[in-house]
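Please read the structure below before turning to the comments.
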(Lines give C-alpha, C1' and ligand atoms only; values in the text may rest on other atoms or scores of the structure.)
Protein backbone atom coordinates (compact mmCIF):
# COMPACT_ATOMS: atom_id res chain seq x y z
CA UNK A 1 0.00 0.00 0.00
CA UNK A 2 -0.67 2.47 -1.42
CA UNK A 3 -1.97 0.75 -4.54
CA UNK A 4 -2.53 2.74 -7.72
CA UNK A 5 -4.76 1.86 -10.61
CA UNK A 6 -4.14 4.02 -13.64
CA UNK A 7 -6.56 3.93 -16.54
CA UNK A 8 -5.35 5.62 -19.68
CA UNK A 9 -5.92 5.48 -23.39
CA UNK A 10 -3.88 2.74 -25.03
CA UNK A 11 -0.83 3.71 -27.03
CA UNK A 12 1.65 4.84 -24.39
CA UNK A 13 5.18 3.57 -24.89
CA UNK A 14 7.07 1.35 -22.51
CA UNK A 15 9.36 4.29 -21.77
CA UNK A 16 6.40 6.40 -20.68
CA UNK A 17 5.11 3.61 -18.45
CA UNK A 18 8.54 3.09 -16.88
CA UNK A 19 8.88 6.78 -16.14
CA UNK A 20 5.31 7.10 -14.89
CA UNK A 21 5.55 4.29 -12.33
CA UNK A 22 8.94 5.52 -11.15
CA UNK A 23 7.58 9.03 -10.64
CA UNK A 24 4.36 7.89 -8.98
CA UNK A 25 6.39 5.83 -6.56
CA UNK A 26 8.82 8.66 -5.81
CA UNK A 27 5.93 11.05 -5.16
CA UNK A 28 4.23 8.53 -2.87
CA UNK A 29 7.38 8.02 -0.83
CA UNK A 30 7.76 11.77 -0.42
CA UNK A 31 4.18 12.66 0.39
CA UNK A 32 2.96 9.59 2.24
CA UNK A 33 6.20 8.53 3.95
CA UNK A 34 5.97 4.95 2.75
CA UNK A 35 8.71 2.62 1.57
CA UNK A 36 9.09 2.35 -2.22
CA UNK A 37 8.62 -1.43 -2.22
CA UNK A 38 5.18 -0.97 -0.66
CA UNK A 39 3.92 0.97 -3.68
CA UNK A 40 2.09 -1.02 -6.35
CA UNK A 41 0.96 0.47 -9.64
CA UNK A 42 -1.35 -1.34 -12.05
CA UNK A 43 -1.87 0.24 -15.46
CA UNK A 44 -4.91 -0.46 -17.60
CA UNK A 45 -4.68 0.47 -21.27
CA UNK A 46 -8.16 1.39 -22.44
CA UNK A 47 -9.17 1.09 -26.09
CA UNK A 48 -10.74 4.19 -27.58
CA UNK A 49 -13.91 2.22 -28.28
CA UNK A 50 -14.20 1.45 -24.56
CA UNK A 51 -14.04 4.97 -23.12
CA UNK A 52 -16.76 7.55 -23.54
CA UNK A 53 -17.03 11.14 -22.36
CA UNK A 54 -20.17 13.16 -22.86
CA UNK A 55 -22.00 10.13 -24.19
CA UNK A 56 -19.66 9.52 -27.11
CA UNK A 57 -16.93 6.90 -27.46
CA UNK A 58 -13.45 8.25 -28.11
CA UNK A 59 -13.28 6.08 -31.21
CA UNK A 60 -15.94 8.30 -32.78
CA UNK A 61 -15.18 11.60 -34.53
CA UNK A 62 -15.51 14.69 -32.29
CA UNK A 63 -16.53 18.13 -33.38
CA UNK B 1 -18.12 12.71 -12.48
CA UNK B 2 -20.03 10.52 -12.31
CA UNK B 3 -17.69 7.85 -13.62
CA UNK B 4 -19.09 4.50 -14.76
CA UNK B 5 -17.21 1.24 -15.06
CA UNK B 6 -19.16 -1.37 -16.96
CA UNK B 7 -17.98 -4.96 -16.95
CA UNK B 8 -19.67 -7.20 -19.46
CA UNK B 9 -18.99 -10.36 -21.38
CA UNK B 10 -16.96 -9.72 -24.51
CA UNK B 11 -18.71 -9.83 -27.85
CA UNK B 12 -20.86 -6.72 -27.84
CA UNK B 13 -20.82 -4.76 -31.07
CA UNK B 14 -19.60 -1.23 -31.50
CA UNK B 15 -23.20 -0.21 -32.15
CA UNK B 16 -24.28 -1.60 -28.79
CA UNK B 17 -21.44 0.20 -27.02
CA UNK B 18 -22.28 3.48 -28.73
CA UNK B 19 -25.91 3.20 -27.77
CA UNK B 20 -25.12 2.10 -24.23
CA UNK B 21 -22.81 5.02 -23.41
CA UNK B 22 -25.23 7.49 -24.97
CA UNK B 23 -28.10 6.14 -22.89
CA UNK B 24 -26.10 5.94 -19.67
CA UNK B 25 -25.10 9.53 -20.13
CA UNK B 26 -28.63 10.68 -20.91
CA UNK B 27 -29.96 8.91 -17.82
CA UNK B 28 -27.23 10.44 -15.64
CA UNK B 29 -28.02 13.93 -16.87
CA UNK B 30 -31.70 13.41 -16.10
CA UNK B 31 -31.40 11.79 -12.70
CA UNK B 32 -28.28 13.40 -11.29
CA UNK B 33 -28.56 16.83 -12.90
CA UNK B 34 -25.02 16.79 -14.23
CA UNK B 35 -23.66 18.05 -17.51
CA UNK B 36 -23.17 15.41 -20.21
CA UNK B 37 -19.47 16.21 -20.64
CA UNK B 38 -18.88 15.37 -16.97
CA UNK B 39 -19.98 11.76 -17.50
CA UNK B 40 -17.24 9.21 -18.18
CA UNK B 41 -17.95 5.59 -19.06
CA UNK B 42 -15.24 2.94 -19.19
CA UNK B 43 -16.21 -0.44 -20.58
CA UNK B 44 -14.32 -3.62 -19.77
CA UNK B 45 -14.93 -6.61 -22.03
CA UNK B 46 -14.49 -9.74 -19.93
CA UNK B 47 -13.52 -13.07 -21.50
CA UNK B 48 -15.75 -15.97 -20.60
CA UNK B 49 -12.77 -17.75 -19.05
CA UNK B 50 -12.30 -14.79 -16.68
CA UNK B 51 -15.78 -14.58 -15.16
CA UNK B 52 -17.25 -17.16 -12.83
CA UNK B 53 -20.63 -17.41 -11.16
CA UNK B 54 -21.42 -20.14 -8.67
CA UNK B 55 -17.82 -21.33 -8.74
CA UNK B 56 -17.77 -22.12 -12.45
CA UNK B 57 -16.20 -20.13 -15.28
CA UNK B 58 -18.59 -19.05 -18.02
CA UNK B 59 -16.30 -20.76 -20.55
CA UNK B 60 -17.34 -24.09 -19.04
CA UNK B 61 -20.52 -25.95 -20.03
CA UNK B 62 -23.51 -25.28 -17.74
CA UNK B 63 -26.29 -27.70 -16.93
CA UNK C 1 -23.49 -9.37 -15.73
CA UNK C 2 -23.25 -6.67 -16.75
CA UNK C 3 -21.92 -5.17 -13.53
CA UNK C 4 -21.84 -1.41 -13.08
CA UNK C 5 -19.70 0.57 -10.69
CA UNK C 6 -20.81 4.15 -10.39
CA UNK C 7 -18.59 6.65 -8.63
CA UNK C 8 -20.22 9.95 -7.85
CA UNK C 9 -19.88 12.79 -5.42
CA UNK C 10 -21.63 12.05 -2.14
CA UNK C 11 -24.90 13.79 -1.41
CA UNK C 12 -27.33 12.12 -3.79
CA UNK C 13 -30.67 11.24 -2.27
CA UNK C 14 -32.09 7.77 -1.95
CA UNK C 15 -34.71 8.73 -4.53
CA UNK C 16 -32.00 9.61 -7.04
CA UNK C 17 -30.21 6.32 -6.41
CA UNK C 18 -33.42 4.34 -6.80
CA UNK C 19 -34.22 6.04 -10.07
CA UNK C 20 -30.66 5.75 -11.34
CA UNK C 21 -30.35 2.00 -10.81
CA UNK C 22 -33.80 1.39 -12.28
CA UNK C 23 -32.90 3.38 -15.39
CA UNK C 24 -29.45 1.83 -15.79
CA UNK C 25 -31.01 -1.58 -15.61
CA UNK C 26 -33.74 -0.71 -18.09
CA UNK C 27 -31.19 0.67 -20.54
CA UNK C 28 -29.01 -2.44 -20.17
CA UNK C 29 -31.92 -4.74 -20.87
CA UNK C 30 -32.79 -2.76 -24.01
CA UNK C 31 -29.31 -2.34 -25.42
CA UNK C 32 -27.57 -5.52 -24.32
CA UNK C 33 -30.51 -7.92 -24.39
CA UNK C 34 -29.89 -9.22 -20.89
CA UNK C 35 -32.35 -10.13 -18.18
CA UNK C 36 -32.93 -7.46 -15.52
CA UNK C 37 -31.95 -9.75 -12.66
CA UNK C 38 -28.50 -10.21 -14.23
CA UNK C 39 -27.72 -6.50 -13.88
CA UNK C 40 -25.80 -5.44 -10.77
CA UNK C 41 -25.10 -1.83 -9.90
CA UNK C 42 -22.73 -0.80 -7.11
CA UNK C 43 -22.64 2.86 -6.18
CA UNK C 44 -19.69 4.50 -4.47
CA UNK C 45 -20.28 7.86 -2.83
CA UNK C 46 -17.04 9.81 -3.02
CA UNK C 47 -16.24 12.58 -0.53
CA UNK C 48 -15.20 15.87 -2.06
CA UNK C 49 -11.85 15.61 -0.30
CA UNK C 50 -11.22 12.31 -2.09
CA UNK C 51 -11.77 13.37 -5.72
CA UNK C 52 -9.46 15.70 -7.61
CA UNK C 53 -9.61 17.07 -11.13
CA UNK C 54 -6.81 19.16 -12.57
CA UNK C 55 -4.66 18.52 -9.51
CA UNK C 56 -7.09 20.06 -7.04
CA UNK C 57 -9.45 18.33 -4.63
CA UNK C 58 -13.12 19.18 -5.03
CA UNK C 59 -13.19 20.19 -1.35
CA UNK C 60 -10.96 23.14 -2.25
CA UNK C 61 -12.29 26.44 -3.63
CA UNK C 62 -12.24 26.70 -7.44
CA UNK C 63 -11.76 29.85 -9.44
CA UNK D 1 -22.69 -10.81 -3.88
CA UNK D 2 -19.99 -11.11 -2.76
CA UNK D 3 -18.15 -10.06 -5.91
CA UNK D 4 -14.45 -10.77 -6.28
CA UNK D 5 -11.99 -9.04 -8.56
CA UNK D 6 -8.71 -10.87 -8.82
CA UNK D 7 -5.76 -9.18 -10.46
CA UNK D 8 -2.84 -11.45 -11.21
CA UNK D 9 0.06 -11.67 -13.58
CA UNK D 10 -0.92 -13.14 -16.92
CA UNK D 11 0.10 -16.69 -17.70
CA UNK D 12 -2.09 -18.76 -15.41
CA UNK D 13 -3.63 -21.83 -17.04
CA UNK D 14 -7.31 -22.47 -17.48
CA UNK D 15 -6.98 -25.30 -14.95
CA UNK D 16 -5.63 -22.88 -12.34
CA UNK D 17 -8.45 -20.42 -13.01
CA UNK D 18 -11.08 -23.15 -12.74
CA UNK D 19 -9.67 -24.36 -9.46
CA UNK D 20 -9.24 -20.85 -8.10
CA UNK D 21 -12.83 -19.74 -8.71
CA UNK D 22 -14.19 -23.01 -7.35
CA UNK D 23 -12.15 -22.63 -4.17
CA UNK D 24 -12.94 -18.94 -3.71
CA UNK D 25 -16.61 -19.74 -4.02
CA UNK D 26 -16.41 -22.66 -1.59
CA UNK D 27 -14.58 -20.51 0.96
CA UNK D 28 -17.16 -17.72 0.58
CA UNK D 29 -20.04 -20.09 1.15
CA UNK D 30 -18.37 -21.42 4.29
CA UNK D 31 -17.27 -18.15 5.84
CA UNK D 32 -19.99 -15.75 4.71
CA UNK D 33 -22.95 -18.14 4.63
CA UNK D 34 -23.99 -17.17 1.12
CA UNK D 35 -25.33 -19.30 -1.69
CA UNK D 36 -22.74 -20.38 -4.29
CA UNK D 37 -24.71 -18.87 -7.17
CA UNK D 38 -24.47 -15.46 -5.52
CA UNK D 39 -20.67 -15.46 -5.77
CA UNK D 40 -19.15 -13.74 -8.80
CA UNK D 41 -15.44 -13.80 -9.56
CA UNK D 42 -13.86 -11.63 -12.25
CA UNK D 43 -10.23 -12.30 -13.10
CA UNK D 44 -7.97 -9.70 -14.69
CA UNK D 45 -4.77 -10.95 -16.27
CA UNK D 46 -2.18 -8.20 -15.95
CA UNK D 47 0.75 -7.94 -18.36
CA UNK D 48 4.15 -7.66 -16.72
CA UNK D 49 4.65 -4.28 -18.39
CA UNK D 50 1.51 -3.02 -16.64
CA UNK D 51 2.35 -3.86 -13.02
CA UNK D 52 5.03 -2.13 -11.02
CA UNK D 53 6.25 -2.64 -7.48
CA UNK D 54 8.84 -0.37 -5.91
CA UNK D 55 8.74 1.92 -8.93
CA UNK D 56 9.81 -0.72 -11.43
CA UNK D 57 7.70 -2.60 -13.94
CA UNK D 58 7.75 -6.39 -13.63
CA UNK D 59 8.81 -6.59 -17.27
CA UNK D 60 12.15 -5.05 -16.26
CA UNK D 61 15.06 -7.07 -14.86
CA UNK D 62 15.20 -7.17 -11.04
CA UNK D 63 18.34 -7.45 -8.93
CA UNK E 1 0.16 -10.09 -6.46
CA UNK E 2 -2.37 -11.50 -6.73
CA UNK E 3 -4.53 -8.68 -5.41
CA UNK E 4 -8.13 -9.34 -4.39
CA UNK E 5 -10.94 -6.85 -4.11
CA UNK E 6 -13.95 -8.24 -2.32
CA UNK E 7 -17.21 -6.33 -2.39
CA UNK E 8 -19.82 -7.56 0.03
CA UNK E 9 -22.82 -6.28 1.88
CA UNK E 10 -21.85 -4.51 5.08
CA UNK E 11 -22.44 -6.28 8.35
CA UNK E 12 -19.83 -9.03 8.37
CA UNK E 13 -18.01 -9.48 11.66
CA UNK E 14 -14.31 -9.03 12.19
CA UNK E 15 -14.07 -12.79 12.77
CA UNK E 16 -15.58 -13.47 9.35
CA UNK E 17 -13.17 -11.04 7.71
CA UNK E 18 -10.18 -12.57 9.46
CA UNK E 19 -11.19 -16.04 8.40
CA UNK E 20 -12.01 -14.96 4.85
CA UNK E 21 -8.66 -13.31 4.16
CA UNK E 22 -6.79 -16.21 5.71
CA UNK E 23 -8.65 -18.70 3.53
CA UNK E 24 -8.34 -16.62 0.34
CA UNK E 25 -4.62 -16.42 0.92
CA UNK E 26 -4.26 -20.13 1.63
CA UNK E 27 -6.20 -20.98 -1.53
CA UNK E 28 -4.07 -18.59 -3.60
CA UNK E 29 -0.85 -20.13 -2.33
CA UNK E 30 -2.11 -23.60 -3.20
CA UNK E 31 -3.55 -22.88 -6.63
CA UNK E 32 -1.26 -20.15 -7.92
CA UNK E 33 1.99 -21.17 -6.23
CA UNK E 34 2.66 -17.72 -4.81
CA UNK E 35 4.10 -16.73 -1.46
CA UNK E 36 1.52 -15.76 1.19
CA UNK E 37 3.07 -12.32 1.74
CA UNK E 38 2.47 -11.50 -1.93
CA UNK E 39 -1.29 -11.82 -1.51
CA UNK E 40 -3.23 -8.62 -0.80
CA UNK E 41 -6.94 -8.57 -0.04
CA UNK E 42 -8.97 -5.37 0.12
CA UNK E 43 -12.52 -5.63 1.41
CA UNK E 44 -15.22 -3.10 0.58
CA UNK E 45 -18.32 -3.10 2.75
CA UNK E 46 -21.23 -1.98 0.60
CA UNK E 47 -24.32 -0.38 2.12
CA UNK E 48 -27.60 -1.93 1.08
CA UNK E 49 -28.67 1.39 -0.42
CA UNK E 50 -25.63 1.28 -2.71
CA UNK E 51 -26.10 -2.14 -4.31
CA UNK E 52 -28.87 -2.96 -6.76
CA UNK E 53 -29.77 -6.17 -8.53
CA UNK E 54 -32.54 -6.31 -11.10
CA UNK E 55 -32.96 -2.54 -10.96
CA UNK E 56 -33.81 -2.41 -7.26
CA UNK E 57 -31.62 -1.36 -4.34
CA UNK E 58 -31.13 -3.99 -1.64
CA UNK E 59 -32.39 -1.46 0.90
CA UNK E 60 -35.84 -1.73 -0.71
CA UNK E 61 -38.36 -4.47 0.12
CA UNK E 62 -38.24 -7.48 -2.23
CA UNK E 63 -41.15 -9.66 -3.16
CA UNK F 1 -8.08 10.59 -18.68
CA UNK F 2 -5.89 9.37 -17.25
CA UNK F 3 -7.93 8.40 -14.21
CA UNK F 4 -6.19 7.36 -11.00
CA UNK F 5 -7.60 5.30 -8.19
CA UNK F 6 -5.44 5.39 -5.10
CA UNK F 7 -6.13 2.97 -2.28
CA UNK F 8 -4.30 3.72 0.94
CA UNK F 9 -4.65 3.12 4.62
CA UNK F 10 -6.95 5.65 6.25
CA UNK F 11 -5.44 8.38 8.35
CA UNK F 12 -3.73 10.62 5.82
CA UNK F 13 -4.25 14.33 6.39
CA UNK F 14 -5.96 16.70 4.02
CA UNK F 15 -2.58 18.34 3.42
CA UNK F 16 -1.11 15.03 2.27
CA UNK F 17 -4.05 14.41 -0.04
CA UNK F 18 -3.78 17.90 -1.54
CA UNK F 19 -0.09 17.49 -2.16
CA UNK F 20 -0.49 13.96 -3.52
CA UNK F 21 -3.12 14.83 -6.14
CA UNK F 22 -1.18 17.92 -7.20
CA UNK F 23 1.99 15.88 -7.67
CA UNK F 24 0.25 12.99 -9.44
CA UNK F 25 -1.27 15.45 -11.84
CA UNK F 26 2.02 17.26 -12.45
CA UNK F 27 3.78 13.96 -13.14
CA UNK F 28 1.01 12.88 -15.52
CA UNK F 29 1.25 16.09 -17.49
CA UNK F 30 5.01 15.70 -17.81
CA UNK F 31 5.15 12.02 -18.70
CA UNK F 32 1.94 11.53 -20.65
CA UNK F 33 1.63 14.94 -22.27
CA UNK F 34 -1.95 15.46 -21.17
CA UNK F 35 -3.70 18.58 -19.97
CA UNK F 36 -3.99 18.93 -16.17
CA UNK F 37 -7.77 19.25 -16.28
CA UNK F 38 -8.00 15.83 -17.93
CA UNK F 39 -6.46 14.13 -14.89
CA UNK F 40 -8.86 12.69 -12.32
CA UNK F 41 -7.72 11.19 -9.03
CA UNK F 42 -10.04 9.27 -6.73
CA UNK F 43 -8.71 8.35 -3.31
CA UNK F 44 -10.10 5.48 -1.27
CA UNK F 45 -9.25 5.43 2.42
CA UNK F 46 -9.11 1.80 3.52
CA UNK F 47 -9.72 0.79 7.13
CA UNK F 48 -7.04 -1.43 8.64
CA UNK F 49 -9.65 -4.13 9.22
CA UNK F 50 -10.36 -4.16 5.48
CA UNK F 51 -6.84 -4.72 4.12
CA UNK F 52 -4.91 -7.93 4.52
CA UNK F 53 -1.43 -8.92 3.42
CA UNK F 54 -0.12 -12.44 3.88
CA UNK F 55 -3.50 -13.62 5.08
CA UNK F 56 -3.68 -11.26 8.06
CA UNK F 57 -5.68 -8.05 8.42
CA UNK F 58 -3.65 -4.94 9.19
CA UNK F 59 -5.84 -4.38 12.25
CA UNK F 60 -4.27 -7.48 13.79
CA UNK F 61 -0.93 -7.46 15.63
CA UNK F 62 2.06 -8.39 13.46
CA UNK F 63 5.22 -10.15 14.62
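Just so it is clear, A, B, C, D, E and F label the chains in written order, and each chain counts residues from 1 on its own.
Heads up, the rule we're going with is that a residue touches a chain if its C-beta (ideal position, glycine included) is under 8 Å from a C-beta of that chain, and two chains touch if they have at least 3 such contacts.
These numbers were taken from a predicted model, which means no experiment stands behind them.
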Listed by label, which chains are in contact with subunit B and with subunit E? A, C, D, F
Among the chains, which one keeps its Cα centre farthest from the Cα centre of subunit F? B
Where the centres are mean C-alpha positions, what is the separation of subunit A from subunit D, in Å? 20
Separation of the C-alpha centres, subunit A versus subunit F, in whole Å, is 12
Using the touch rule from the top of the page, what residues of subunit F touch 2 or more other chains? 1, 3, 7, 24, 40, 42, 46, 51
Specify the contact topology among the chains shown, as one of line, ring, star, complete or other. other
Name the touching chain pairs, please: which are they? A-B, A-D, A-E, A-F, B-C, B-D, B-F, C-D, C-E, C-F, D-E, E-F
Show which residues of subunit B lie in contact with subunit A when the two form their complex. 14, 17-18, 21-22, 24-26, 36-37, 39-45
Touching subunit B in the complex: which residues of subunit A? 7, 46, 49-57, 59-60
If we count contacts the way the header does, which residues on subunit C are in touch with subunit B in the complex? 1-9, 12, 16, 19-20, 23-24, 27-28, 30-32, 46, 51
Would you tell me which residues of subunit E are touching subunit A in their complex? 1, 3, 40, 42
